[in-house]
Structures are given as C-alpha cells and as structure tokens.
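Each of the next two complexes has chain A plus one more chain, namely chain B in the first and chain C in the second.
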Partner chain A sequence: MTQIGLNRSTAVGVKSPRRRTRRKEIPYSQRVQGRNFLWVYAFLAPFLVLYIGFTLWPLLATVIYSFFDWNGSTPLTDFVGLENYITIARDQSFWLSFWNTLVFAALNTAIKLPLSLFIAILLTRRWMWFKRIFRTVFFAPLVIPVAMAGLIFTFLMNPAFGAINDAVEQFGLVERPINFLGADLALLSLTLVSVWQIFGQYMIYWMAALQNVPEELYEAASIDGATEWQKLVHVTIPIIRPVAIIILFLSFVNALKVFGLVVAMTGGGPGQTTYVVSYFIYSQAFQSLPFRYGYASAAAVLFGITVLIAVSMQGIFVRRASGEGGSGS
Partner chain B sequence: MKRLIPILIVCLILTVVPALGQETVSLRVMSWSVEQADFYELVVAEFEAENPGIDVTWETLEQSAYREALPLMFQSDDAPDIFFWIGANRVLTVNELLGQGWIAPVAPEGTDLTEWLTRWPEGSFVEGINLVDGVPYSFPFNDNLIWGPGYMYMNTTVFADAGLDVNDPPQTWTELLETCRTIVETTGVYCLSVPLTGNQFQRTWYALAGTAMTDQFFDYQSGRFAIDDPRLLATFDYIQTFFEEELAVPGFNDQTFARAAIANGQAAIYMDGAWMPSVFRTSFEFNDFAVAPTPYPDEGRTGSMAQTMSENKFFVSSQTEHPEEAWLFIEFMTRPDGIFAQEYLRQSFGTLAYADNGALIEDPVFQDLIEIAATGVRVMYPEPALACPDVAQSQAYINAENIRRNWEFEEMSLALSEGREFAEVAADIAAQKNAMFQETLEAEAAEGLDISVDCYTFADWNPLENFDISSLIDQ
Partner chain C sequence: MTTMLAGWLRPGRYFRRNVMIVTALSVVSFVWVYPFLWSIFSAFKSQREMFGAGAALLPEDWVFSNFPRAWEEANFSGYFANTVLYAVAATVIVLIATAMCGYVLARYRFPGRNLIYVTILATLFVPIASVILPQFNLIKALGLLNTREGVILALSGGGGLYVLLFTSFFSTIPEEIFDSAKIDGADFGQQFRLALPLAKPIIGTVVIFQFMSTWNEFNVPLIFTLSSPELRNLAVGMYAFQGEHATDWTGFAAGTVISIVPVLLVFFLFQGYFVRGLQGAVKG
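Let's turn to the complex of A and B:
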C-alpha cells in the first residue's frame, strides 16, 4: 500500500507548531479613559441587559425554584431544600427520559456527522456538478418548522397509509408494514427524522471547515498516489480536527435539547419509550394542575449540569486537538 | 380665518369632552376553542352594542399552547379578565384555581344574583364545587349529560359500501366485532380508528369502559384505583382484539390522524365526545357521518360514564381590574335565550347547562346525541368532596395521580401498539396508586383533616343509576 509522504506533523504544520505567547500588558496610553470609557459601557449596556434578563436571571431563577415546592403563580414560600432532587433521584420516568435523551443525542450525532461530512466533501470537490442545487436541497428541510416536519413524517411512516411503507413493500423489502413509531423503532425513527431535518446545517459547518484545507496538500497527495480515502484520513481529518471537535460537541449538545419532534410525533410514547428530558420537564411543568414548577426546575438543573459537562469537555478536547494542551503538539 | 377658529374650537370641545367623560373599559376574554373564533366575534359585537363603554377582545389559542400561555400570563400579571380552564380534577377545578390564586367571584360583592342562579337546574351550585362560602366562583357551562365522551361516529359511505346501514348500528361488543369484520372483508377499509399518542387513547377507552364499568380509573364502590378490575381488563382485551385481527388502523397515531382516517374514508368508526360534529365539519369539512350509542358488553350494560359536576369552565381572573364589566359579560353570555346560547347551540359547538338544548339545537346529529344521552349512558357519580368537605384540601388523589401522569393510558397504548399483555402492568399501577393514596390519606388524617378512604367509598351505589347527590348536600 502506497504511503503518502505526509506525516501528522507536516499536516498540522501548516500552522505554527507552538504559538504560546505571553499576554502583553496594554500600555496606559491605549487604555480606555474618560468619556470613551462611558461609551464602551453605553454600547455594551443593551447586550448586558438582555443577557442578564434573558439568560443569567432565568438560569439563576431555575436554580432557586428547584428548592421550592412551587406551582408557578403563588408566592415562593414553600422551601423544601433538596426534596425535589431526592424525589427526582427516585423517579424512574426521569432517568428513563435521561437515558433516552443520551441515546438520541449519541445516535443522532453518530449518524448526522459522518453523513454531513461525506456530503460536504462531495460538494467541495471540483468535479462535482450542480453543487448549488444540492446544497439548497440538503439545506431546505432546516427551514421547515419542527411541528410540520413531525406531522409530515407521522403520515409518511404510518403502517397503513404511509408512503414509506408503501415503497418498501412494493420493492419487496418487507412482507408486513413496519411500525416505525412502535416501541422498538420509535426512538430510532425520531433520530432519523431529526437527522434529515438538521444535517444540512452541519453540512454547511463541514464545508466551512473544509475550506481551511489547502488545495496544494491534495495535489501533493495525488502526486504521491494517495487514494481519496487516504486523502480524507491523512490530509483532511487531521487539519479539520479542532473544528471537527467543536462541531461534534455542538451537534451532541443541540441533540440533547430534542423536544419538538417528540411532541409532534410520539408524545413520549409508546408508553414512555420516547420520553426525553425536555418532554419530561414540559409534562411536569405544564400538562395538568397542580403545576410542579419546582420539581420541573430541579429536573432542568440536573439536565443543565449534564449539558454543562459536555460543553466543558469540548474546550478540553479542542485544546488537545489544536496542540495547545500538551501531548498533541 | 377669524370665523373658522371658533368653529374649530367648538368642534374640538364636542369631540373631546364626551370622550373624556366616557372612558372605554377594555375586557379580555380567553379560551382555547380556536374554531369558534367567528362565533366569539359575533357575541362580542352584540355585547358591545348593548354596553357601549366596554370594549371586549376574545382571544383564542390552540389548547396546548393555551395551557402553557395562561400560567405565564398570570405570572407576569397579564392575565385575561375572564378565562376558560379545565383542571386536572375537573370537579375540583375551582379549588385548584383558588389554590393557584387565579380566580375571583364571578360577580362583585353585593351583586343580586337571585335571578341569575335560577338559570340553572336546581342543585347546580354546590359548596366546594363552584361555591365558596356561598359565593359563586364559576357556573356550569356545558351540560353534563349530553356533553362528554362516549359516542360512536360512523362514516356513512364506508358503511354503505360494506352493505351496512348506519341506522342499524351494532349494539353489543360482539355485534361491533362482527360489523368490523364485515367492513374489512368487503371494503378493505379499516374499521376502528383509535388514537394512541399521550393520553388520547381516552377517546376510545372512555366510550367502551363506560359501558362495562366506569370511564374513571377509580372505583367509587370500593374506594380504590381500579385499572386492575376484571371489567376494565376485559374492556382492554376487547379493544386489543381489534388490533390483533387488524380491524383497527395500525400505527401509533394521534387524534388528528385518527379523526382524519374516518373523515377520509380510511376507517369506518371513531369513538369520541359530543364535540365531534363541530370538529368534523370545521376541521375536516366532513359531513358524511352518523352517530350511535357505544356498543355494550354482550351480557348488557354493567357500568356508566360519569355525569359529574365538572362543567365549571369560565372564571373571572383575580387580576382583573374590571370585575363589574366582567360580571356584565358573564351575565350576558349566560342568558338562556341570549345570542350566546342561541348561536352556540345553532352552530353545534356543544350543549349548555343553562339553555333549552332540545329547543335551540337544529343539527340532526346533535338531536341524535341528545337522544343517546337520554338513554342513561351517563349517570350522576358520587362526589367525595360533598361527603367529606376536607377532600377539597386533600392531596391524596392528586399524589396518586402524580406518581406518573397518564400512566394507565400510556401503558395501555404501549400494550396495544406492541400486542403485549396488560394485566400484570395494570396490577402494578393499581397497587402503587392505592398505596400512595392510602399513605397520603393517613398522613393527612394524622395532621387533622377529617378524611379517610370512607370519603371515597359508596358501596351501596348502583353504577347504572344516578347517585343521589342531594343526600350528601343535605348532610
């Protein structure tokens, strides 16, 4: 097997190997002073107000509510300490929905990213025709509202009247209609519909990442006799790795927030087979009186911590992939 | 120009002075029946013509969006003046909303309600249900006999294609099964359309379980949660037969899909409530249907659906700044022969507790519903809150329900969708709910509430007959 003449350090070596610079002290003369100082804060103020009002405060409020037995409208007086958390720890529905959410996010990411990368690579090849049309076609599902997408697929997947079952039956692939939204397949079906809808977005991310790969490297690899697969493995992936990790975590964290499709397609069922955390929180907070905002808030905090861990890991992995974390460089 | 100025000043005075003296009050009413928006506009126009100083806006939102939006409105002090709501425990909705701090009396203090209260049949206003210390906090809106679940709708064309007559519908469970077999064999169309998503299986369940035992999951004869009762298990097994024999539309479908199936001629029968004539016509433009009583077990009807005091649905907000005007509007909409009642009934949106439904309803399908309701498919159930007033403060029933919301429906839907056994799951559900129910009752009794399982037990009640509510009221 022909080995191409690029090792990892060469590929990554497009960038400077070590760029650890000491942060410079800003000279006093360049610091913002006097009226300019006020202007800086005047321009920052609108964002800060919105950020505090719509991000920080809701976060803080959710944490506070989670320590109360609260129905959402009476005064916040019934402090229960960790009781909501203790109840959640014993709540099988919560843990089932937690597990389902992780499975959904992992499956979604595992299917969506390679697929969108593959399409992105194809659509960045010089020899590819009708690139713009394909790009539009793949991106189009993203503009369809989730509820509408859910409704469409509910009809398409129906065992009795659905077009998908009609097609697979006519091609002789199955003898009996597939119950796509039955207990065994419902979570997978939701995942596939979600991938169908969102993968155009990730295709665009990959295309942006692929533009960072210098064309000369592919030319050099071609001269060395590299196959397309070898170019992908030894040229493309090493160079886009830091961005790939960001895309990976972005994809995973976004998938953790699945909600609309579940409401539109399965309502958490059959049974609780497609209960996800967002749906669990929604059902506790809104579905019938008395509302359990305190309990739902505790579930939201626990889930938020999970997302926070995932996001924090992103930073570690990106630093490693960029070679700034030590062993990678 | 000099002449013009005094004329302009006079015109200005004539325009501004009356406006200053006659401030317009804005009243917001909210409900979730989106399909009734045109009707509300008509009602509002009539009310405004009669009350020139009041400007009414009637807003509607789709049900699930409404249920999310209204709490947020209360939280942000932006609640409507009058709103529609159905609580988790429909009978105790007033109590739940009082607990939430959402509601005020329907009329300002000192209002003479003597005439208004006579618009309803005797016994419609009950302490603990819609009266608090003798003050009305709501009123029965829909009647509780005709209005409710438990009717069988048939697609006339599919029946005709199968050589069947909707005027001679199946009456027993076996007849229904035979009818379905005939329909599927002769037309290839599915027979029964059953929604399974969330708690929507209730559409079919209430209708059939209400002929065998009860449309509740609670047995008032034994005072326990009773999904494991042999009569309810037999009902489940019966429904499962339709799925096993491929007589029911397959798939895990929601109610929109299930309703569309009968409207599109892909299914012959759909079971649901008295609201379906208006839903079929407005949402599906479907008129080719007839209605019949739900078939009962072969040995005869062994149970009834609940006719409870559950129709207290409109409320005056505790946040209203216009209680006088809100009362005027409620008085207007509850006139037995007023424009609201006339149009509501003429357009077949439902039946009203304070109007002569038989006289005002023109729709022949609704006339059929009235006839069916008169055959005793629904009877007055016992009301624990009347037997023991402390029930209104008890969390026992709610705690049992809160172990898992929609538990029975979700597990039955799962079993139907997957062809699984249900009896074992049912026993587990009943055991857990009853344990929580008992445990909470005992704790509450220990804390001083005058309450026990006896408050929920009416062993002598015959579920085929009206419970004598007056015996509890008199106590």
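Let's turn to the complex of A and C:
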C-alpha cells in the first residue's frame, strides 16, 4: 500500500502505470538467470544485512527475550515462560504508560493530520503566494533535535519566566500563569510540542498525496460554483483517500514511539502523568537495578501486539468503508 | 516566478483571498518560528537578561561569549564532529544500500523478491515502541559498544520506506532506456549507473530525511554511548549539558544554534531536488 501511495507521488511528473500493470512491467527476460544472480544478491546484500540486523532481528529478539528473566549480561538461560507477561499485566505503571502513549498518539494524530492537510492544500494551490517561504517555515522545526526542542519548550513554558506565559499575560488572556508542564496539562503540552516539531513532515506527505489531484479538477469545480469545502469533500478527499490511510497509520505508529521529548521535557512526570511505553522500557532496561531486559521486552511485545490488533481492526473497517481493496504489492 | 509577478501586478480573482490567507499564515508562521528566533537571540543574551526577558526577543546588550563557552568548555566542538560523522556516514550507507536494493526489486524477478518486498512493507507498520535492547545487544556482541562504528551501524539499519520509494521510482523508468545500453554491452553495474542519476529527486529526499533524522537522533547515541561521553552527538550532548549546567541557558541556546545551522544548510542545498521529488507535477 505504501508503495502506491507515497511513491507514485514521488515519481517526478512521470505518470505511474496503474497498480495492476506494474507487476507485468518487469519483462519476462528480466527473470534473473546465470551470472545476474550474483549481481542481484550482491545488490540486495548491504540493505538486507543491515535491515535484518537492526530491524528484523530486534523485533524477533524482543519476543524471545520476553520469555526470559534476564538482566542483559548473563547468558540467556532463565526461561520463565509467561511470567513476565503475568507480572506486567499487574503492573500499574505499565498500564498507565500504555494509556498515556495511546492518548498521546491519538491526540497527536487527530491534531496534526487535519491541520497539516489544510496547510498542504493551501501551499499546493497554484494561485497561492509565497509558497516556498511558508513551506520552509513549517518544515523548519524538523531540523531541531527532539531533545533540544524539548528543552527549549521547557523554558518557554515555564510559569515563572517563560515566554508563552509572558505573552498571554500581556494580552490579558489569563490572570495567573499557566503551568503547562503541571500534572493536568503536561501530556497535552507534550502532544502540542510534538505536533509543532513533526508537522512539516506530514505537510510534505500530504503535498505528495495532493499531487494526484489535478489542478484542472479544482478549476472545473470552481466553474461549477463549488465552494472550497465542497471541493475538499468531493474532489480532494476521494482522490487522496488511499494515501491518506497510509499517512494515518504512519502517523499513529510513529507517534507511539515518542521518547526523546518525554526524556527532555518531563522525565515521565509530574508523578507519572507523561510516563509512556518507550520510557517505561528504557527505565526498566537501563535505569533499574538489576536491569530487567526480559521484563522490558515483554512490555514492548504486549504493547505492540495490542496496538497491532487495534490498528488492523481499524484498518479492516476503514478499508471496508472506503471500498478500497488495494492489497499493496 | 513570472506567474507570481503577474499575480502581483494584476489583482485577479484570487487577490483578496491571497491577502487574507497570507496575512493569517504570516501570524501563524511567526508563532511557528518563534522558538527558533528565541533560541537564536537568547544565544546573544546575558544570563540575567535571559531570565528576565519574558517573550521579548531582541537582547538589550549583545553578548558574544556564549558561543566560545559552549564550543570549548561544554565540548560542543567534539559533539559537533561526532554528529557530522554519524550523520554523513549513516546517510551515505543508507542511500547506497536502499538505492541498490530498490533498483533490483524494481527491475528483476528472482526468488524471494515478493518476500522481501512484503516484509519491508509490513515492518513499517509494526508498532513496537522500542527495539533498542536487541540492537544494543547486537552491537555489544559485535564488540562495538561505545565505539563510533557501533553508533553508525545502528543508525544505518532502517530505511525500509526509502527502498519502497526507490523501487517505485525505478519501476517507472521505461525499459527501452536499458535496451540500447544492453546492445552496447552494458553489464549489470553499468545499467545501474545509467539509472541512478535519473533518481535524483528520490536521492534528494532520502538524503534530507536520513540526514535530518540521524543528525537529530537521540535514542541510539544516548544508549550506545552511556559510558563514553566523548562519543555523544549534539542531541545527547546538549541534553547532558543541560543536566550538568542546569542554569547555563545561554550556553545551551548557543549550542542549539550551532547544531541547527548545518541541517538548515543541507536542507537549502538539497531543497530543489527535495521539493521537486515530493511535489512533482505541482509547479511552484
């Protein structure tokens, strides 16, 4: 699915062949024979070695570790079956981090995607001025390391001397300074900072998706007297829907991995209000003594599986609703 | 450019709409870049002024000592060198590896092709919050823990999405281009060299995304260099610096400026390809 979506758009001005013909496009003669076999596998090797080592194996190993009581340095001998899972099912701070992560990811996606789509639509319109400047502006926060962005916002949000409180007070919007990183607002503040940071990336994804919408369609719709809202609902959204679903999943899955921002801004606090799963794993594996690798791995797997089930169920519904049977490759 | 000029000179039907939108977007943009401006100007403030300034941006007295302090005493020069090394090495490795893999997947049929393709696609959507532990152990088993090579390797292990980008790009290249080369006796590697320059937009995209993400990477350098502070990159170094010198916010601001300038540079250099790659038919 990704291929169709993000990629068609990336092929510069070249009209991609339709999905169904793509496979046939590789001519029969390109079936690899003889000496070319060596070449093909030599070309695959660098990527595959790295990918297996640092993406596939870690996924598998996490599952394996989760069945052991293991501190990371002794040999992997202490098989405990499902014990880690049983313990974790009773671990309140795990479930709290689980919940916080879901709230973060859902909120993040719900705020980020519509806004970035809106901006992307504006910034791909032919009549729009200063597109290049605005594009750079929205893209800019991506160049700040996450941890640094977190520290900057910690300062800006400080109730005593932070710029944000100073500004809203000057405008007379609030009586008392807002404690953005207090227990009530910390998770929301984290979400907003993360939206600010990653916004540009999703704006670009949307721009890529919007490439599939010919400007002529908008013009035709204008001539028919369609309002901007009608153009969005009847022209834009139907065309970009398949890609939109991919962007939605990418956004959600990536938001689940939030880590650096939490470390830099709140350290999981105050209390455990911003405790997220990756932070839970990190503190179990690297900060508790003795290190609890097996336990932390079980947390990662349990979380992953639960989310996977939720997302794929959602995916089935979405697919059914949109009548889009696209099976990817 | 000419269309923009024409738009300026002739207030057409989009004139009023443009004025409204541009005004609104300008306000939003100011808020959006405020944290940047704040960091940049804070780097020229004194400690005292920084805490008293509130939302004000411009320093009353320009102070230039924050930069040398951050650069030398806080060892940002060392962090900077590490970060450049990590980012450049990982970007080059990932670019070459994903381009080659994507090329082969697009042009050839061989046993295992679909398996590779589907696996890459599937792992993009695996919602595991962290796979840092096994990565850590693999690097440890290779004896590369607390080495620069270890960090670079761990940073070069992704890029599934880039492979898919390359695959779909290369599969749009008409086979005829290769036919004539084949008649001239071009072998496998030469055909690849023929195709690669055509993929400039994708290359630009991969370079920008990968360079940015490795430049900003936090998890891997944090955990892989826990016992060797001299191997930290800027992101981790800044974080540690803030922990050790909690009050030196102007030094921190100077460090921030130092660390974002190179990324901005890369963005501006490659932006042409990048925007073309992602915008394609939509003309600016």
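One rule holds in what follows: the second predicted complex is superposed on the first by the 275 of 329 C-alpha atoms of A that agree within 3 Å, B and C clash if a C-alpha of one lies under 4 Å from a C-alpha of the other, contacts with A are read in each partner's own complex, and residues count from 1 in each chain.
Simple rule for what comes next: a contact is a pair of C-beta atoms (placed from the backbone, for glycine too) under 8 Å apart; a residue touches a chain by one contact, two chains touch by 3 or more.
Quantities reported herein were computed from a predicted structural model and do not represent experimental measurements.
Contact with chain B, but none with chain C, is seen for A:Asn71 once the two complexes are overlaid on the shared chain. In the superposition on chain A, A:Ala186 makes contact with chain B only, not with chain C.
Residue contacts after overlaying the shared chain place A:Phe161 against chain B and chain C alike.
In the superposition on chain A, A:Thr273 makes contact with chain B only, while chain C stays out of contact range. Touch criterion not met for A:Leu173: it reaches neither chain B nor chain C.
After overlaying the two complexes on the shared chain, residue contacts for A:Ser283 are found with chain B alone; chain C is out of touch. Set against each other, chain B and chain C differ in how many residues of chain A they touch, and the higher count belongs to C.
Shared-chain residue A:Ile204: touches chain C; no touch with chain B.
For the contact definition in use here, the residues of chain A common to its chain B contact set and its chain C contact set are 72, 151, 155, 161-162, 286.
The part of chain B that touches chain A in the complex is made up of residues 67-68, 71, 74-75, 87-88, 93, 96-97, 99-102, 190, 196-198, 200, 249-254, 256-257, 261, 266, 398, 402, 404-405, 410-411, 413-414, 417-418.
Within the complex, the chain A residues that touch chain C are 1-4, 6-14, 16-17, 22, 25-27, 30-32, 36-37, 39-41, 43-44, 46-48, 50-51, 53-62, 65, 72, 101, 122, 124, 126-149, 151-153, 155-156, 161-164, 166-167, 170, 196, 204, 207-208, 210-211, 215, 249-250, 252-253, 256-257, 259-260, 263-264, 276-278, 281-282, 285-286, 293, 296-297, 300-301, 303-304, 307-308, 311, 328-329. On the side of chain C, the complex with chain A involves touching residues 3-4, 7, 12, 14, 17-18, 21-22, 25, 29, 32-36, 38-39, 51-55, 93, 96-98, 100-101, 103-104, 106-110, 114, 116-121, 123-135, 137-138, 153-154, 156-161, 163-165, 167-169, 171-172, 175, 188-189, 192, 201-202, 205, 212, 215-219, 222-223, 226, 234-236, 238-239, 242, 249, 252, 256, 259-260, 263-264, 267, 271, 275-284.
Within the complex formed with chain B, the residues of chain A that make contact are 71-74, 93, 151, 154-155, 157-162, 177, 179, 181-184, 186, 266-273, 283, 286-292.
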